[in-house]
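First chain A sits with chain B, and in the next complex the same chain sits with chain C.
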Partner chain A sequence: MSEKTNSVRHDYLRHDKKFPHVWCPGCGNGIVLGSLIRAIDKLGLGKDELVLASGIGCSGRMPVYVDFNTLHTTHGRALTFATGIKLAKPALTVITVMGDGDATAIGGNHFIHAARRNIDLTAIIINNQIYGMTGGQYSPTTPYGSFASTAAWGNIEHAFPIAELAVTAGASFVARGTVYHAAMLDGLLARGIAKKGFSVIEVMSNCHTQYGRRNQMNDPVTMMRHFKEKAVSVDRAAKMSAEEMNDRFTIGVLADVDKPNYMEEYQKIRERAQQH
Partner chain B sequence: MSENLKYGEPDKGSCQDSSTGKTADDGSPQMTEQTKEKVSKCFTQIIFYDWCKACGICIAFCPQQVFSRNEQGKPVVAQSDKCVGCGFCEIHCPDFAITIAERQPEPERQQGNS
Partner chain C sequence: MSEKNGQRRLLQGNEAIVEGALAAGCRFFAGYPITPASEIAEMMSLRLPALNGTFIQMEDEIAGMGAIIGASLAGVKSLTATSGPGFSLMQENLGFACAAEVPCVVVNVMRVGPSTGLSTSPAQGDVMQARWGTHGDHPVIVLAVSTVVDCFATTVQAFNLAEKYRVPVIVLSDEIVAHTRETVVLPDPADIMVIDRIHPGVPPEWYIPYEDNSRGVPAMAAMGSGYRHHVTGLIHDVRGFPTERPEEVDAFIRRLFRKITNGFAEIQITRSVMMEDAEIAVIAYGAVSRSALRAVRLARSRGIRAGLLQLITLFPFPRKAVEGVLRQCRRVLVPEMNMGQMIREVKRVNLATEIVRHNRVDGQFITPAEIYDHLLSM
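Right, the complex of A and B next:
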């Protein structure tokens, strides 16, 4: 790619080795990656101050493409590895990127306990409502009644609202965005990374290859229009009735609270113990 | 941008697409002072075809229909002068294949295709 206009991307991407990436045409993961890079650039963080850890799944490929300290871990365990990194090197900014199955099914316990512990990490959860990489099996976030390869007659289970779950579990900063609202997502990611304490950013993303294909939305444009229609800002959602909000979801900042985080508390314990 | 640019008089300072010969004010007959100012800003669309996977997001969502589709389904810059520089295609391109940059009208005009 020519021109210095791409310098932001060139600074942070392994553009000379790994591109084009492996994701499907139109995959939301690329949009989230772009948003993450812009957010990091906005915060002025250096490449050596950052760690990007991921689990398994399509989203797990993300650390491959960025030029930070990166870690590709086992399924669902991105947060546990990230906790270890943060405790060993508290000065680093640790970001994890997970898929919906990775975070809420296989790593569900790690996710709620990281939120409860309020450790200073940022968890980006890319919610494409299905297990995309393994062949379209339904995941904990597949909406009720929609179709998947293991739910050929419609899903009879109900979906996890990931952001609301994180609020209840005790995360300091919780936000939800979509890949359509990418400019808004930049701001949400920047706020989440800057926040001291556990921050969760759920990103509604499109998997037209596995989810959309079985649910009458088999191209990225249709899926992005779907997100545009179904997303409701937090302020507007407060004025809407439960029936109106039935198949919609809120976007924006759902929780932003200041409370003691694990790293500060742990430091205090160390200081107290050393005085004795 | 050149301030002495007059509406309807394309000169060096105006945003003109060299491939079609159309001027920036084509098809928009009633222009206010404000829109004139906006149109007089020129943008260039750089598409990196090696990374493009022809998903069609940029073509579908462009508010000014700047792009058209080629036989591979990839975008080609059809109406470069209509671009308002909103950046939607740039931030929504999953493959990092589009860059929108403000163009200086005086130097050489760069075509969108590489």
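Right, the complex of A and C next:
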């Protein structure tokens, strides 16, 4: 099993050029990267037709490691660049990977508008509930009451539920997974990438270095256990009260709807303009 | 557009910019509405679909700038247009285009600032922002338009320079030029020189995306063309991967500047009018150069030997042409619709004093010893 998995990974990685990576030992980003590669392999996508674009932060370094067309953009703006790429060359499969601060703070406006516009892009948002690279400042997803380097006395802001935000903003496909549920994540990523329209996959991930350390979850294993305990499948959550769901979150597919995507609509406009 | 070419047309400046962009091969526009630039977006939304191009109205100017960079990376010539407030928002991604060497054209139809300023009045207050608006040391090309004909020709030139030098080109217009209607004769498409970026001539496995060459401009492969590589706003090595090694950082920054310096003769465009025997001169750009031309003609009619140097290229500053004027003329007037931005550049062309520079661009601190040694060697 592990040998097969490794060979798949090696085929898609710039393994001879860019390793070791910059992430801390035990970081969830590596699990997301592995999952992404298995999903791409499962879909049979060629490396030349794939684009992986990122913003800034620990997640922003992911494109360096994969042997696709890769792009490391500015903070929060990955979706804007991805929009240009997809519209200019619709045959490309364009995936963005962002962090929680990246996608929902500085890039929050781009995020909701990309969802509303429904361009055929996939947005993977690695939610580690903190700004990791800059030293553990609180992000829009840092839970109320928890601690961060800029919330030394406890966080008094309220967290965005990213997946639910994406559903409301109109994304065609929305799912949430965790780095603990890696096999499930493979499937969610594959479905999101295959979906025509804007897809969002939020991945709850561990930053034990910056978040866990300040919140009694000092190591990756403790954080994994936390995700295992707090994650509730969408089906089971439907049968639970709001009180029971209080500090838990749903995992699975939150939305999967079919609606016209931007490129299909724009092609119709072109045809109309050309007949005019 | 072919059916209308070669014909006389009544166009406003903003429309002529659209015609110029399309003639240069632009097939992607992303932007956000703003006065007095909105007509450019409106015309693009009308024209691009029939040409198999793409128009998109983004959520803000930050996104507009990001989208045109993305489209250009995918191999499509791209344009955005805005005015002061939007131009401020674009600075972040404009810097990315400089660092990653992504050809694109940004039109800034200047209005009075700072801030919201006077949204329907002309100004030339964004000259230094065009040159230095994004952070960090970076080269950029800035052109200025003064007539509707200019709007067409200079926009074509802007795309050609962007493609040839892999650099964002900023076209500074202003509310006067944008909304002035003039009769123009657009050239036949066959008569327009269109330059495209150079694609790699080697197989993908040999492609080194940021490899230096005699021009300092690496060949550029579009995403999806089989030449997979990494593009980043981090300082990168010749393969496109982030580096912090001082010698690689230094080589990168210096090449960015050298590629523009190498092209000075071609990039620095000026127009001399009645300068042959001029004793006094006006140096002007944009709409103001039209008033200047009129003033020079008036002076000539009264026997005063006046001349005009119109700057089409503001940056890289056309030093040679300006030096010529300063050598020849007793007095030089620099009129501008701002508190004096280009005049400082003109004053910098000062031959009386030797001014020596000392630079480091490798991420390392300039030490007191370095400066001391340099002072002693002067």
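Basically, the second predicted complex is superposed on the first by the 271 of 276 C-alpha atoms of A that agree within 3 Å, B and C clash if a C-alpha of one lies under 4 Å from a C-alpha of the other, contacts with A are read in each partner's own complex, and residues count from 1 in each chain.
In this section, contacts are C-beta pairs under 8 Å (C-beta built on N, C-alpha and C of every residue); 3 or more make two chains touch, one makes a residue touch a chain.
This one's a predicted model, so the numbers in the text were calculated from it and none came from an experiment.
Participant: For the overlay on chain A, clash or fit between chain B and chain C?
Facilitator: After superposition on chain A, chain B vs chain C: fit, no clash.
Participant: With the two complexes superposed on chain A, say which partner A:Arg214 touches: chain B (first), chain C (second), both, or neither.
Facilitator: Neither chain B nor chain C is touched by A:Arg214.
Participant: Applying the document's definition of touch, where does A:Tyr266 land relative to chain B and chain C: first, second, both, or neither?
Facilitator: Only chain C; A:Tyr266 stays clear of chain B.
Participant: Mind computing the angle chain B to chain A to chain C from the CA centres, in steps of 10 degrees?
Facilitator: Taking chain A as the apex, chain B and chain C sit 130 degrees apart.
Participant: Quick check for you: in the superposed arrangement, does A:His110 touch first (chain B), second (chain C), both or neither?
Facilitator: Second partner only, chain C.
Participant: Is the number of chain A residues in contact higher for chain B or for chain C?
Facilitator: C
Participant: Considering only the touch criterion stated at the top, classify A:Lys196 as touching first (chain B), second (chain C), both, or neither.
Facilitator: In the superposition, A:Lys196 contacts neither chain B nor chain C.
Participant: Based on the superposed arrangement, let me know which partner A:Arg236 touches: chain B (first), chain C (second), both, or neither?
Facilitator: neither
Participant: What is the contact status of A:Gly30 with respect to chain B (first) and chain C (second): first, second, both, or neither?
Facilitator: So A:Gly30 only meets chain B here.
Participant: Regarding the shared-chain residue A:Leu13, is it in contact with chain B (first), chain C (second), both, or neither?
Facilitator: The first partner, chain B, only.
Participant: So, A:Ala182: does it touch chain B (first), chain C (second), both, or neither?
Facilitator: first
Participant: Between chain B and chain C, once the two complexes are placed on the common chain, what is the minimum CA to CA distance in Å?
Facilitator: 20
Participant: Quick check on the output: what are the common chain A residues between the chain B footprint and the chain C footprint?
Facilitator: none
Participant: Within their complex, state which residues of chain C touch chain A.
Facilitator: Touch residues, chain C against chain A: 28, 30, 49-50, 52, 54, 56, 58-60, 62-76, 78, 92-93, 96, 222-226, 228-234, 239, 241-242.
Participant: Quick one: which bits of chain B touch chain A in the complex? Just the residue numbers, please.
Facilitator: Spelled out, the residues of chain B in touch with chain A are 46, 48, 50-51, 53-57, 60-61, 91-96, 99, 101, 114.
Participant: Which residues of chain A touch chain C once you look at their complex with the stated criterion?
Facilitator: Against chain C, chain A makes touches at 17-18, 47-49, 51, 53, 63-64, 67-74, 77, 79-89, 91-92, 109-110, 113, 266, 269-270, 272-274, 276.
Participant: Provide the residue numbers of chain A that touch chain B in the complex, in ascending order.
Facilitator: 1-3, 5-6, 9, 13, 15, 19-21, 23-31, 34-35, 38, 179-180, 182-183, 186, 219-221, 224
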